[in-house]
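Note that the chains are named A, B, C, D and E in the order they appear, and that numbering of residues resets to 1 at the start of each chain.
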Amino acid sequence: GDSNGGARTQITAVGSSTVYPFTTRVAEAFRNQDSNRDAPVIESTGTGGGMARFCDGVGSEYPDIVDASRRIKKSEYQKCEANGALPILEIQIGMDGVALAESLQGPSFELTKKDIYLALAAHPRGKDTNSAQTWRDVNPALPAIPIQVYGPPSTSGTRDAFAELIMEPGCTEAFPEVEEKSSDDKKMVCMQLRSDGPYIDAGENDNLIVQKLTANPNAVGIFGYSYLEENHDRLRGIPIEGVSPTYETIAGGSYPGARPLFIYVKAKHLNAVPGLKEFLRLYSTMWGPDGDLVKRGLIAAPQDVRDHSVEIIQQQIPLDPSTLD
Amino acid sequence: MSDPLMPELPSAGGGSIAPRQPTDWTTDAMRQRIRKRYARERRFRRLGLVAVVMSAAFLAFLLVTMASQGLGGFFRTEVALPIDFPQTGIEVDKASLDQPGADLALAGAGLENIVGTAAIAAFGDYGPNVISDNAWLTVREAIKHDPSILDGRAVIHVPASAEIDRAISETGTPEAEAAVTTLQAENAITEGFNWRFLSASDSTDPTQVGIWGALKGSFFTMLVTFLIAFPVGVLAAIYLEEYAPKNRWTDLVEVSINNLAAVPSIIFGLLGLAVFLGTWTLFGHKVGPLLPRSAALVGGLTLALMIMPVIVIASRNAIKAVPPSIRDAALGIGASKVQVVFHHVLPLALPGILTGTIIGMARALGETAPLLLVGMRAFIATPPDSLTDKATVLPVQIFLWSDEVSRGFVEKTSAAIIVLLVFLLAMNAIAIYLRNKFETRW
Amino acid sequence: MTFSALIFLIAGLGLISWLTARARAARFDRAGRRRLHSLPAQHGWYVALWTVVPPLLFLLCWSAIEPGLVSQAVMAHPAAAQLPGFDFERQAVLAEARRLASGSQIGAFNPLAEQLAPVMAEAQSHYAWLGTLVAMLLAFAGGAFAFTRIRANFHARTRVERVVMFVLIIASLIAILTTLGIFLSLVRESLRFFSMVPVTDFLFGTHWAPQVIDPNDPGSSLGAVPLFWGTFFIGAVIAMLVAIPFGLMSAIYLTQYAAPRVRKWMKPILEILAGVPTVVYGYFAALTVAPAVRDLAVMLGMEFASSESALAAGVVMGVMIIPFVSSMADDSIAAVPTAMRDGSLALGATTSETIGRVLVPAALPGVVAGVLLAVSRAIGETMIVVMAASGAANITLNPFESTTTVTKQIVDLLTGDAAFDSPKTLAAFALGLTLFLVTLALNIIALRVVKKYREAYE
Amino acid sequence: MNDLTDTTLAQTAREHADAVESAAPVKMTARDVHVYYGETHAIKGVSIDIDMDHVTAFIGPSGCGKSTFLRTMNRMNDTIAAARVEGQITLDGEDIYASGMDVVQLRARVGMVFQKPNPFPKSIYENVAYGPRIHGLAASKSDMDAIVERSLRRAGLWDEVKDRLTDSGTAMSGGQQQRLCIARAIAVDPEVILMDEPCSALDPIATAKIEELIHELRGNYAIVIVTHNMQQAARVSQRTAFFHLGNLVEYGVTSDIFTNPREDKTKDYITGRYG
Amino acid sequence: MNDLTDTTLAQTAREHADAVESAAPVKMTARDVHVYYGETHAIKGVSIDIDMDHVTAFIGPSGCGKSTFLRTMNRMNDTIAAARVEGQITLDGEDIYASGMDVVQLRARVGMVFQKPNPFPKSIYENVAYGPRIHGLAASKSDMDAIVERSLRRAGLWDEVKDRLTDSGTAMSGGQQQRLCIARAIAVDPEVILMDEPCSALDPIATAKIEELIHELRGNYAIVIVTHNMQQAARVSQRTAFFHLGNLVEYGVTSDIFTNPREDKTKDYITGRYG
C-alpha cells in the first residue's frame, strides 16, 4: 500500500533530549536552505531508548542518526553489530555545561565540590545515612538554610555527568580513603545521591526546575547551562571553587561541569537517504563558537575536536570499538 | 341479587391485626426529627452545589490562567526593516527565482548575512537582536514573490525577535526595552494577529512556530482513534451485555477490560511499538513493521486501544440501564435480537455511550506518554497530509515547547493549550449535542 | 485504476446488488405467502455482503503482495543489474522510481531511478489491472451465487445477523487481544530483568534507588514496594478522596437538584476537566498547588517540608478525574426509572434520602464502574506525578511527604539516557508487569463485590 | 343487561350506604384546580372535598385525568417537569401548594399507591421497611419486623412471601408487586391514602383482601381510590367522583350517584352506554 | 349468595357458549411443561392444547404462574436469565424449543401483550408502526398510516390520540398505554395472541371495546387471555384454564368450567371461597 514501499525521503534522528534542540535547529536550517527538501524528523526519546532503536538494524524503518548525551556503550555497539548496523560514525558536536544555579533572590551560595558531595551523597564518607539537613551542617561557613537541590532524575545523563564531574572529585577530596575501595564500592559512596528529601528529583523538564527555583529562593538547581543563560534575569550561577558558570569558564574547562555531546550516524545510510550528507555538513558549519548552535546554548568543542569531527564526516571514518567501555 | 359479581367479603380474615393510629406528626420528637432531616437535606444539597461550583471554579481558574498567559501567543510584533539590495551586492539570477532551486540559490547568496547587516544598518549594533533569527526567510519569500525589489531599496516587515516580543508584552531586558522605545519612536514596529501561529508548524524559533502541523496531526490521530475505538468499543459492549452468556469467560473479558483502563498509558505505547512497529519472524520470513513510525495512523491506533476500555465500560453501563421491559416489548412483536439492539437499546443507551466516548476521546486528545514510544514526540516541521505522514500532536507539541530553552516559548505553550482546549470543545460539542438529543427519561 | 476508485466501484456494485436483491425479494413478497421469513432489505444485505466482502478480502491480500510482484518484474529488467547490492539503497532507488512512475516526484536524485521508472510504471499498471480483474470477478461471482439463493423462504436475516454476531465477537476479542499483547510485550523484558534481579528482592524490597546499582546485589536498590505504596497512596487514596465526593456530589446535584438547563451545560463543562492536557495539570500541580501545600505543612510545624508532596499531586489528579466519576454516575442515576424515584418521594422521603437509599443503590453498577475507571486512570496517570511528585521513594502515611509512583519511574526509566539492557531500564518492564497483575487482582475483587451488591430494577 | 347492571350497582351502593356518617369532617379540599402538561390541559377547574373517615372513589374513562388529579393531591406532580398546577388544594385547611409547605411531611401524611407497581430493587423486607425507617417509626429491629409483618398481612401478601423476605421485590408476579406497593404505603400510617387502581392486577381473593383493608382503614383515614370497576366503587366507597375529559362531572354520595345520577354523562358511563 | 354468583357466571358462560365450534384445530400444545426461576418451581408439569379460532382464558390466583406460562409460549422466558423451561411446546406441530426454531419468526407469529404496559419511548405512531416496519408489512407510507390507524381504532385509542400521534408513547395515562400496547401487538397480525391482563387498567367502555376486538379476532386467530375478572373470562372465552400454585388444575370448555367445575379448588376459586 505505502507508495514509498520500503524507502524514505526524510532524515530521521532519535535520542537524547539534551541534543534534541541542536539537531532540530540544524534540521530547520537544512530545510530553510531549500523548502523542497523533506523536513527531517527528530524524536526526543532519551539516549538509551534512542540507542536501542538506532541499533535495531539498517533500513528505512530505523533512524539514521542518534543523538547522545554520552558515548555509546559497548553493549549497545555490540547490538548494532549484531543487527548489521555497523559501521557507525561518532561525531562530537560540542559540549553541554552542567550548571548549579539559584534564584537571584537566593542567599548567594558559594560552594565547593566537597560541600556539594557532603550535602547530597547518600553515604557521605561511607556512612549509612546523610544527616545533614542545612548547608551549615555541611560547612559552618554556609548559611543555615535547609538543603534543597532540584536535579535531574536517576536515569538522566545530566545526572551521571553531575555525579562524575562534581560528586566524585568532591568525594575523593572529602574522603581520600575511598581510593582504596573497589570500584563498585567507590561508586556507591561517591555517586549515590540521597533520596530522603534534600535532593529532589525534578524530572526531565529543566524549565520546571527554573520555575521552582524562582518560587523557592533557598533552593539550588542542577541543569543544562543553556537554561541558565536564557534565564539570567532570574537566576544566578553558583560559583564552584570560586568559578562561576559562564560560557567561557565551561568551554575553557575551569568550571567543572561540562560533558561532550555526540551524534552517531549509520554509514550505510549516507548514500540511501537523500540529503543526509548535506545535513551532516550543515551541522559542522553550525557548531563553531560563532555558530548558530552556540546561540542556543551549546558549548563549542575545542578546535581540535571540531576538526576531528569534520574529518570523520568527510572521510566517513567509522567508530573504533576498542575505545569504548 | 345483592352482589352478583363479587363474593361477600370474608368476614374475619385479618381480624388479628391490631389497629394503629396514624402517626402523630406534631409531637416534639417528630418535629425535631423532621427539622433534622430537612437540615440534612439542605446540607446535602448545598454540598452538591459546592461540589459543582468548586469543580467549575477550578476549571475556570485553569482556563483564565491559560488565557491570560497564552493570548499574547496569538499576536506578533513585526519590524519594518529597510534593505538596500543593490548596495548589499547580492547576486542572483532573477529568472531562476520561480524555479525549484530558488530557495537554495537565495540561501547560497548569503541572504541571511545580508539581512543581518541590514538590521545593523537600520537599528545599530543591537539590530540583529531586534529581528527574529529567521527574519531572512520572510525576506526570501518577499523576493520570490516580487523579484523586482532586488533592484532597489525595500522596506520589508519581518518578525521581531522573541526578546522584543517580550519587552512589549511584559518586561524584557534593558537593551530590548530601549530598542522598543526607539523603534516605536520611528514607527517601525507593528503588532498584529499572528496568522503564522495558526498556519505554520514546529520550529526552533518561537517567532516562527505554528500550531497547524500539530493540530492537523491531532485531527488525524483523533480521527483514527475515534473510527477504531468507538465502533469496536460499542460493539464489544453490545456483545458482552446482550449476547455473551454470563459465565467465567465473560467475567474474564470484563475483568481484562476493566484492567486495561488501569494500565499506564506509556505501556500502551510499548504495545503499539511491538504490534504496529515491531518486526517479527513468521515461518522464516521477516514481517513488519506493519505501519510507518511517527504516523497519525499508529498513534491513533495506539490511543484507540488505550481508550477502548473507557468506551466499553461506559457503554456497558448505559446498555445495562435500559429497562428490560423495552427489550421485552420489541421481542414480543417479533423483532430479532439485532433489531432490538440497534432500534431500541442503542438509541436509549446512546447518551451514556457518548459520555464514555467524550471522556475517552478527551483523554486521548491530551495524552503524550504512549506517543513517545511510537515516534510522535518529535520535531516535525511540515504538517502531515495523510494518515501515514510523519506527524505530531498538540499535547506533544505543548510538552516539547514547555521544555524549550527559549523564553519566547512560554506564551506559545499557553497559546497552544488554548488551541487544544478549543479543539476539545469542538470535538465534544457534537457528542454533547447528540447526547442531549437522545436523553430520555422513563 | 487507483485503489480508491476500485473501492468505490466495489461499493457501487454492493449498492446495486443490494437494490436488485431487494427488488427481487419484494416480488416474492407480493406473489408469495403471507409473510417472508426475511425482509426484502435483509435479502439485499445478504447479497451485498457476498458482493463486497470477497473482493475486499482479496484486495487486502493483494495490496500486501503486489509491491513484491512489481519489484520482481522490475528486477527482471536488464537495467536492474546495476542496482546497488545493499538492500536499503536498492529500495531507495526503487522507491524513487516508483514515485517517478506515479508522477509524485519530478526530477530524479538517482539516474538509475529514471531509467527504471517506465519499467516500473508498466509493471504497476499490469498488476493493477490484474488485481482489478480478479476483484471484479470475485464480486460478480459472490453476488451471483448469493442472488441465486434468494427465495421466499430463504433465511437471509439469520445469515446477515450471524455476520453481525461475528463482528460483535471480533470486537470483544480485541480487548482480550490487547490484554494479551500487553502481557506479552512486558513479559519478555521482565523475564530478562528477573534473571538479573531476584523476584523476591523486587517485590518485597523496600528500598528503591536505581541510580547506582550494585552489580553484586542489584536487588538491594530495586525494591518496588515504595513505588506501589506511592501509587496507591496518591492514586487510590488522595485522588479518590477528592474525586469521589466531588464527582458523586456533582452528579447528584446535577441530576436531582439543578434545573435541566444547568445540567445540560454543567455536565460538558465538567467534562473539560478530563481533557485538559496532563502537562498543564503537571505545571499547575508543581507551581501552584505544591508550594501552597508546602506552606501549609510549614504552618503545621513541619520545618523541612518538601514542596513535592504526595498531597499536591494527588489533589490535582483527583480534580482531573472528577468527570470520570461525575459523568458516569450522572448517566446511571438519570437512567433509573422515574417510577423508583416517585415511589420513594411518595413515602415522604426527602430528595437526599431518595438519592442515598434508592437512586444511588439502583445506579450502583454505573457509579462503581465510574469510580473504578477513575481509580484506574489515577493509577495509570503519568505526567502529573512526573512533574509534581518527586522521585523520592518513601513509604509514608504523611501526605506532606514526597512519594513517587510506578508510572513516574517507568517514564523516567524508559526516556532516560541509561542503556536499554541494564537492570535499570528493564525494571520499567517489570514494574509495568507487576502493576498490570496487581490491578488485575484488584479488578477481580471489584467484580465480585459489585456482583454482590447489584440491584436490578424491573 | 344494562338495566340489570344499573339496578345491581345501585343496590350494592345502597347496601353499603348505611355506613356513611352524615357529617364527616373535611380532610382535603380542592378549589378550581387546573393541571397542564405543557400544552395539554389535563384537569380543568376541579373543586372537591375529601372527607375524613370515608372512602372516595374516582371513576371515569381512561385518560380523563384521574391519576393526574390524584398526583396533585400529594404534589407528586412536582416530579414531572412539564406539569403545572393552578388553583388551591388544602390538607386540614393548610394550602399544600403554599411556599412554606413541608412537602416531605405532606407526602408522609398523604400516602400513595401508583397505577404501575414500582417496587424498589431491594428485598421485600426493605421495600416495606423503607418508609418507617426514614420517618423513624420503629424504635427497634423487632418493632420494624412487626411493622413489616403487619403491613404485609394487611396487604394480603404475608403468606406468600414470609419465607422469602430477602428476595428482590422485583422478582415477583405483577399482582404480588402491586400488593407489595400497598404494603409499603400503609407501613408509614398516612392520614390520607391515595390508591390508583390498587386492584387492577389482582385476583378476586386478593381484591377482596384489599377491599377489606380499605374498609378497615376507613375508620381513621381518608381514602381516595381510583377504580374502573363500578362494582368495586359501589362496594367500597361512600363518595364517588366522576371525571370526564379533565372535568369533574359529578360528585356525591356513592349510593346517590349509582342510584340517581344527576348528569346524563354519569349515567351513561356507569351503565356502560357511554362511548 | 355464592350459588347465585355461580349461576350468574354459568349463565354468562352459557350465553356465550353457542359460539363454540365443536372440533377446532389445535394451534399450540404444551406437554408436561416445567418452568423454574432458579430454585423456584413456577410451573409444574402443565399440558394444554390451545385451539384455533378460540379464546382461551387463564385464570388463577396472583402468583400462580399464569404470566410465566404465557411467556413460555412465545419463548419470552429466554430473556430472563434465571428462567429454565422443561417439556415440550409446539406451534402447528413444530417444537418451539427445538434448536432449529427461529425465535424471531415464532414471536412474530405468537404476539404478546404484557401485564405492565411497556410502550417504547418513541412517538405513538412509531410505537404502532414498529412491528409492521420490521416485518415489511407496509409497502408504502400510506399503507403504514392505514395499518396504524386500523390498529389504534381496534384498540379503541384512535379518537383519543389521532391529533397527537407524534407525542411520546410514555406521556400517556395508564389505560392509554395499555391500549397502545394492544394496538402495537395486533399491528403485526400474529396468528396467536397472548394477552396478559389486557383490561386491567381499562374502564368498562374501553374494556368492552377490547372484548369486542377479541371477539372479532377470534375468527382467524388463537387467543389466550389472562384475566382476574371471572365475568370477563365467562364472557369472552370458549376455553378456560385454571392455574393454582404452578399446576394446571382444570382445563375445559368455559361453560362447563363455570357451570360444573370438576375440581373443588376451581369451584372454590370461581365462587370466591378460596384463600
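The definition used in the following text is that a residue touches a chain if its C-beta (ideal position, glycine included) is under 8 Å from a C-beta of that chain, and two chains touch if they have at least 3 such contacts.
Being a predicted model, the structure only gives us computed values, none of them experimental.
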Any chain in contact with chain A as well as chain E: B, C
Comparison of A-B and B-D by number of C-beta pairs in contact, larger one: A-B
Chain occupying the most central position, where position means C-alpha average: C
Farthest chain (mean CA position) relative to chain E: A
Chain of greatest Cα-centre distance to chain C: D
Mean-CA-position distance for chain D and chain A (Å): 83
Computed distance of Cα centres, chain E from chain C, in Å: 49
Separation of chain A from chain C, taking each centre as the mean of its C-alpha atoms, in whole Å: 35
Between chain E and chain D, distance of the C-alpha-averaged centres to the nearest whole Å: 28
Chain B residues counted as touching two or more neighbouring chains: 1-7, 10, 37-38, 41, 100, 323-325, 336-337, 372-373, 402, 442
Junction residues of chain A - those touching two or more other chains: 17, 45, 49, 204-205, 208
Junction residues of chain D - those touching two or more other chains: 104-105, 108-109, 116, 134-135, 188, 204, 207-209
Interchain contacts (touch definition) - all pairs: A-B, A-C, B-C, B-D, B-E, C-D, C-E, D-E
Chain C to chain A touching residues, read off their complex: 3, 63-64, 67, 71, 84, 86-89, 91-92, 94-96, 98-99, 102, 104, 109, 208-212, 214-216, 283, 286-287, 291, 303-304, 306-308, 386-387, 390-394, 401-402, 404, 408, 412-421, 424-425
Partner chain B, residues of chain E touching it in the complex: 1-2, 4-5, 8, 74, 76, 79, 81, 104-109, 111-114, 116, 118-121, 130-131, 134-135, 170, 181, 184-185, 187-188, 190, 231, 271-273, 275
Contact set on chain B toward chain E in their complex: 1-8, 10, 246, 323-337, 339, 343-344, 348, 440, 442
Chain C-touching residues of chain E, taken from the complex the two chains share: 102, 104-105, 108, 134-137
Parts of chain B lying in touch with chain C, wherever the complex brings them together: 37-38, 40-41, 44-45, 47-52, 54-56, 58-59, 62, 65-66, 100, 231-233, 235-236, 238-240, 243-244, 251-268, 270-271, 273-275, 305, 308-310, 312-314, 316-318, 320-325, 336-338, 351-352, 355-356, 358-359, 361-363, 365-369, 372-373, 394-395, 398-399, 402, 417, 420-421, 424-425, 428, 432, 436, 439, 441-442
